[in-house]
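Chain lettering (A, B, C, D and E) follows the sequence in which the chains are written, and residue indices restart at 1 in each chain.
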Amino acid sequence: MISFPILTILVLVPAAGSVLVAMFSNRRPEWVKLIALLASVLTGGLSIWVLAAFDKSNADFQFVSMHSWIKPWGISWHLGIDGISLFLVVLTGVIFPLVVAGTDPHHNHKRYLSWMLLLEAGLMGSFISLDLFLFFVFFEIVLVPMYFLIAGWGYEGRVYAAMKFFLFTMVGSAVMLVGIVATAFIAKGNGPLTFDLIELAKADFAPSTGRWLFFAFAVAFAVKVPIFPLHTWLPDAHTQAPTGGSVILAGVMLKLGTYGLLRFGVYLFPEAARWSRSLWLTLAVIGIIYGAIAATMQKDLKRLVAYSSVAHLGFIVLGIFAMTTQSITGGVMQNINHGVSTGALFLLVGMIYERRHTREISELKGLQKVAPIFAGVFMVVMLSSIGVPGLNGFVGEYLVLIGSFLTARWWTVVAASGVILAALYLLWAYQRVFHGEPDEANSGFAEIKAREAAVLLPLIGVIVFTGLYPKPMLDRIEPSVNRLIEHVTDKTGYVDPQPTGVTP
Amino acid sequence: MLDIVWLIPALPLAGFALILLFGRRLGDPKAGYLATLMCGGAFVVTVGVFFDLLSKSAEERQHISKVFSWVPVGSLKVDLAFLADPLSITMCLFVTGIGTLIHLYAIGYMHGDPRFSKFFLYLNLFALSMLVLVLGENMLVTFLGWEGVGTCSYLLIAFWHERESAATAGKKAFITNRVGDWGFMMAMFFAFQATGTLSYLGVNAAASTMAQSTATAIALFAFIGAVGKSAQLPLYLWLPDAMEGPTPVSALIHAATMVTAGVFLMCRMSPILNAASSYAPTLIAVVGAATALFAATIAVAQNDIKRVLAYSTVSQLGYMFLAVGSGAYTAAIFHMVTHAFFKALLFLGSGAVIHGMNHEQDMRRMGALRKVMPVTAATFIVGWLAIAGVPPFAGFWSKDDILLAAYDKSPVLWAVGLVTALLTAYYMTRQVIMVFYGEARWHDAHAEHGAHGDFKPHESPSIMLLPLVLLAGLSIVGGGLNLPFNAHTEKLTQWLEPVLGVHESETSKVPLAVIATIVALVGIAASVMIYAKHRAKPIEPKILADGWYYDETVSRFMGGPGRKAFGALAWYDATVIDGAVNGVGRLVRDTAQRIRTVQSGNVRNYAAAIGVGVVLLLAWFVVVRGSR
Amino acid sequence: MQLFVFICAGLMILVGAVGVITRSHPVHAALSLILTLFGVAVMYIAQDAQFLAAVQVIVYAGAIVVLFLFVIMLLGVDKMEDLRIEPFKLQRKVAALVGGGVIGLIVFAAISSRDNIGLAKPAQSDAVTAVGTVAHDSNVRSIARDLFSDHVLAFELTSVLLVIAVVGTVLLARRAPKPTTETSA
Amino acid sequence: MIAASPTSTWYLVLAAVLFGIGTVGVLVRRNPLIMLMCVELMLNAVNLSFVALSKKLGDIGGQTTVFFVMVVAAAEVVVGLGIIVAILRRRPNATADDLAELKG
Amino acid sequence: MIAADPSFVGPSVNWFALSPMLVLLGAAMVLLVVGALVPRWPRHFYALFTAAAGLASTILCLFLWDDITDDGASLLVGNALRFDVFTIFITITISVAVVLVALVTDDYLRREDLEGPEVYALYLLAAIGGVVMGSANDLIVLFLGLEIMSIAFYVMAASHRKRIESQESGIKYFILGGFSSAFFLYGIAMIYGSAGSTNYGRIVDSFNTTIPAVRHDAFVLAGVALLIVGLGFKTASVPFHFWTPDVYEGAPTPVTSFMASVGKVAAFAAMLRVLIFALPHWRDDYRPIIWAIAVLTVVVGSVMAVVQTNVKRMLAFSSVSHAGFILIGVEAAAHRAGQPDAGNGVPSALLYLLLYSILVIGTFSVVTMVSRTGDAATDLSSFRGLGKSHPVIALAMTVLLLAQAGVPLTSGFVAKFGVIQAAVEEHSYAIAIVAMVASVIAAFLYLRIMVSMWVTEPESGDAGREAIRVPLWTGVTLMLAVGFTLLIGFYPGWLIDATKAAVAVK
């Protein structure tokens, strides 16, 4: 479509920014911050540009850039973007500037921002790489900055949390690496060795083989999502990470898991995905209910949000493996919605922490009286997280459910009850934090500041807009989803079920 | 005129937006006027649409105005579209109409409240959601409004959120509603799978062709939603607590609009209900009747002026569902309308009383108020007569229709309805007497209060009285909408016929009507005997006062076992699952420590280790591989 | 005759070896070592390796053992080592197991495949002649040929080896700047 | 076959036994010097088998090898003794068991 | 006298092919002579001269590489050495290691004020031993090379006269080394007995002829077993690894890095030569053993490293687990032993060796700096606050540690990927997965070091500590190592091609 290697630039800009920041003197934090902000804003702008230039009639990969990288191993620098990854890229591009602008590390801006930008580069890369090896590289490299962000700028238990996060994820990717290599070699046959996603997707694997390989991939992604029972790294990491870290972690990083499941798991091994669907559906539903219940009982505001993520991501997994146009589209969209609303939630919790230096729900009380606007913002974000129609959270969730209902009725019936629990834990928390008469500790709670508002406003805007008018988003996601399902159909003969009275 | 249906919700939306932006600057009372203006405007538009529809022939009284395509994915095509037909317009009429009055009233009631403008912000948002709900062309749009009103009720009930009770009540309302919403969602999913669309027209059209089981499923799940929204057994819990909200809210939510959404939904989907297997409607009727009776018994023993009304609302809603279950949808709508009139009146009246009593809600501290607040008293009495079912007030006619239908369904249901009617008359009378008659108990009241010098209940400002008067008028003549004398006088039936069909009944109406009237009078008489003439001791057993301990049991379960179970799961997560993870780490460390002892630092041990290795290797090669 | 020689030499070897590992006094151990070395030397002769026998006696029995004794004396570490106590309970059991295992397995291997050994007739490079086959070619001469043809590199490497030995001893023998307990010059 | 001349197998067996004894020695003796001697025993055993094999094969290479081994042995002994001297200078009468500072 | 013998023809010698070795040897000699004659020579000279020698041999190797690509491989001095890309690759690796270590050693010796050209000479001589091991075509030559290297190591390990630990490690290494090389030698004897020669080529030929008879010949197999023992000891594979942590901890830190790099390279080169090139007939016999040893090594190494508190010991155990990874490559190679298409096993192992030795030298150069005067401060606590006091050094160390942990965009990942890929190609998935999981365990310890560098706050005791000095050449070495690590991380293609060339059939 265009010769300009926009996607490569998307990765390089933040990376370059990171190096630049790292080289800059630490004595001038404001300059460092400015550079970081510029880099991230530029990236964001580029990602928006991609969104604008994206051809929604084209279901295939766009802006593809393809260069050979490690010839002897058949590895290439192959980037491309389609409806499934498009909005994740935009999300990444948009959230980072907000985080850079909106959150301050308590020490050593320079290092913090440098890691942040590196993280952005890694995330961008993993969302747009179409080469398994390349993807793995980004997928792994992301751990490093996140590890340092948590361990360096986190709270009391940060070292443990960071370690847990790093090792937990690494175990998963260890298995995946073997899976990747095995896939390449098994698919290769007599031809040349290649790690190119599109080439490999053409290969047919014997069912048994495909299933093993699929699980090798799935484990890694299941850890990342996280799917019950591999989720315990998440509450610790989220809670201990600095606000910015949590926002990225919940907003973008978890999506690596669901995205990976869709892009690599299902796309490469449709048969295995179909074969094991009931397992994943069950785990997803368990995750939804389990996460919600666990969230209800948390005493720490951040932990609560973290567990809510477990529940929300459960919906996405449900959608992916229910494998209907609606459910997958909903899942992909839910990726973004969850990113926005949970990201915003973490920002808000962070602001509360900055003011009160506690995350304990029991320490907070009656904030709505002293900071009504802040409370209002929190309310809106919370409602979107609960999934109230008219806000973004609903659309994705609803699509997932209505789509899954066609293929996985009873799982859906149970999963839908998750919306009740979501209301339960969030409203309960909201009541304990914002309602009632503030005690003297909380009566001094400051109203939302201009900068904070500036950071939150875009997110609120997205929340409301996508809630009321999701069509533009859906129009871009759906073709790629259909293409994926057609691919599954070619491989397995599975047909996307249509409701009676509708001719596909 | 029909093309501007979208304007009906648009106006409150505009109000919402304006107040959101400039509310603080407008302040008290301008914001109120703005909101009222918008709601009133909506009413005017509605009237216009109404007449436009009226001018058309019955068949083409149906107009869809699509705003934009909302959620189009694959075979799922959902538009944000509004359906203007007799049913929705009827709803709109009284939603906007009564809504306007309540807005107006609220200006006076909320005067001086620090969050005045915010209140109207919520009110407009509520009106908007309600209108979306009723105008929705498909289930999803309805659901949008459905959840919207739920959210607004949460916001409004918890309006005075500094009060723990208020906050809790709001939360309770929202969550209980969510349970219902789950049902509604299920209904949608079944409908979509069965018909591939969510628009009412499509689904209803397919009703005749779809499998009966599917129809039943849709109907029952939708009913679950309705139960949640319309506070039927077993989900009525939230409604009495919702009295924590400001009185206009109670009026708006409980009397006129929100709670009737459930009934509306059932009527909207009546074809499905008809297609469903017979036990579905029966179930609905039974639940309705049971709720009606149950709530009425509780209302008998309440002392909070608003709680009485709340339970009576639950009871009246039970009536409506009884009607729906009996297939008399028109009757249900009819009663909905009249009930909207008189219940709104009663609530606002009680609000006026509370206002005049400086937020005193306990009827035992009132009495003889008719002297100090005559207008309120007068209007309230009208409402009382209406709800008690005394001809020719509105309540009598609508309730009569329902009882008739119930009788056709089954005499038992009819009997239950009748008992409920008796009780209704009884407790309403009790309330009127306790509040407006007898000796004034509020002089001593303030002694305990001791708050503000010589305390004198006062009549409310005219801006609050005006709505009362208007509503009182409506409560008197409201019955005129659907007089059962002959087909010609049954205006509402004819009007709604294209949507809801007619409920044929060969039972002669007169005897039933007579019986109903007698029963009502008996109830009133009994109440008078007890509370005015003190001929007998009041029968107010604690169990009734405490609502059969149902609420307590539930909340005790939630707070006790329920919470424990949740706690157990959290414990499991922290101990077992996370424990397993950390356990692996510990395992590694321990093994390492054990191996470490071999690393003793002594050369000879190392040599020994090497030697062992040698022997093992030799054994493998010589014995295993060598001996072939 | 050969048998007799084998038995005697074998006895020397084994007795000496056992002596080395059982004599608690280092000097005695060293002397037993000499016994073994001589036994081995005899074996060499019996196997037509006269040159090696000579070297064995000169280098081993002569130089190396003397070196041992010298060090023993020099450091005065001629303290008796009490072999009755063994700090590690398992050590001796393991030692027995290892020794027995090694001997047993190798002996088994040697016997079980006695026919295969020598099956491969080495492809002789022209410079090398078989042991004792050609009369005019003595053992020394053939070793020399082999040494300077096929194994010349190895031969050169030994020089490197010796250089290292020298350098190493120099480096190690150098006195630390702050001399600790001086035993002797 | 009574007065049989010993075949190379006999030598190999003898060598194996000698080797085993040397191994045991390294494991049981605590005096580093004697451990070194035991290593020498092992090397001699190997030499013995080399010679026997070269005889059996009629190949001189084995003997050449033995020559190299002797050189190596010499070098090892020299260096070994050097290290031992260096240590025992500091810690007289140190046995192998005493040298266990580094462990874990 | 011999020369007079008409019938004697000495083997021809291609001197140019031997030049790298000769350069190293010559340099060693010069150092010794100079050291003896001119005691007060500027200290720099020794190190730079050694480095120069290493560099020279590297460059020579590059020329030789061209020759081989043109004329193909050949045998040197009476079939004693194999002259092929494999040899060249090993030689280059070792020479580079010499260069880097020499640079570090200079500063080290001065800090510890230990004199002497001897150490450098030993480096060079040991390097020769290593090269011989890598290029030997004859078990005897291999044995001599191994002894040359080992004896040099014994001496170097014990060379820090002020630290009793150094000498202890020396004697431990010496006794165990002698012990194991006795086994190794015995193994040679057995092979010699059954093959009638110690020359790789002749061994293969003779087994080709005698194979049906000796297919399950216990004597040969015993020989194979003992050879594996000897090589296993040098490569520090479980259960022959016990010396590693003690020696690594006790030896002077630069020497440790030398042993960890050159020692491993040479030992594995020898292992590949012997098992893959000399004993292909027995691949089905030894492959399971290699498999088992590889798994054990990887797991034990990683697990044991977790509980260490001394960084040198940690790295020692991590080097054990790295050895396990290389063994995986060997295992993969064993599948193809003796086949025309050598597969990826050998190349991946070679790649790993090169990358790892540079990694480990870099890592130890940091340890050298941190260990401060006396070379004793190698406890985890001595790294506390390094991120504050020397951010650049800490960053470099972090990169190296991440590389060791196998994080992408570092050479460590390329290396690991290589062996994993080789293993998977031969369908040994189990070993691959075990190895990867073990590497996660190992990652824990690298993280621990990073944490103590970046996160842990310096404690009161640290104030009194001697400040860490960053000498010029050590810094240079570190930067070279890091640069290389990243370069390969981003752009490994050419190096992979090179390793593939090492087994390409000519």
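Here is the rule we go by: a contact is a pair of C-beta atoms (placed from the backbone, for glycine too) under 8 Å apart; a residue touches a chain by one contact, two chains touch by 3 or more.
Small disclaimer: the values here were computed from a predicted structure and weren't measured.
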| item | value |
| --- | --- |
| Where chain A and chain B overlap in contact partners, by chain label | E |
| Partner chains shared by chain C and chain E (touch criterion as defined above) | B, D |
| Farthest chain (mean CA position) relative to chain C | B |
| Farthest chain relative to chain D (centres taken as mean CA coordinates) | B |
| Pair of chains joined by more contacts [C-beta pairs], B-D or C-D | C-D |
| Core chain by centroid distance, with centroids computed from Cα atoms only | A |
| Rounded Å distance, chain B centre to chain C centre (Cα mean) | 101 |
| Chain centre separation in whole Å, for chain E relative to chain B (CA means) | 78 |
| Inter-chain centre distance, chain D versus chain E - centres from mean C-alpha coordinates, in Å | 26 |
| Between chain A and chain E, centroid-to-centroid distance (C-alpha), Å | 44 |
| Chain B, residues touching no fewer than two other chains | 596, 599, 601-605, 607-608, 611-612, 614, 618, 622, 626-627 |
| Contacts with 2+ other chains: residues of chain A | none |
| Residue numbers of chain C (touch at least two other chains) | 91, 94-95, 98, 102, 105-106, 108-110, 112-113, 117-118, 120-122, 145, 150-151, 154, 158, 161, 164-165, 168, 172 |
| Pairwise chain contacts under the document criterion | A-B, A-E, B-C, B-D, B-E, C-D, C-E, D-E |
| In the complex, chain E residues that touch chain D | 140, 143-144, 147, 151, 154-155, 158, 161, 164-165, 167-172, 174-175, 178-179, 182-183, 185-186, 188-190, 192-193, 196-198, 245-246, 249-250, 308, 313 |
| Residues of chain B touching chain D in the complex | 596, 599-604, 607-608, 611 |
| Interfacial residue positions of chain B with respect to chain A in the complex | 68-76, 115, 118, 140, 143-144, 146-148, 151, 154, 158, 161-162, 164, 167-168, 171, 174-175, 178-179, 181-182, 185-186, 188-189, 192-197, 206, 566-567, 569-570, 573, 577-578, 581 |
| Chain E residues within the chain B interface of the complex | 171-172, 175-176, 179-180, 183, 215-218, 221-222, 224-226, 228-229, 232-233, 239-240, 242-243, 245-246, 285-286, 288-289, 300, 303-304, 306-307, 441 |
| Residues on chain D engaged by chain C in the complex (per definition of touch) | 3-14, 16-25, 27-31, 33-34, 36-38, 40-41, 44, 47-48, 51-61, 63-64, 66-68, 70-75, 77-79, 81-86, 88-90, 92-93, 95, 97 |
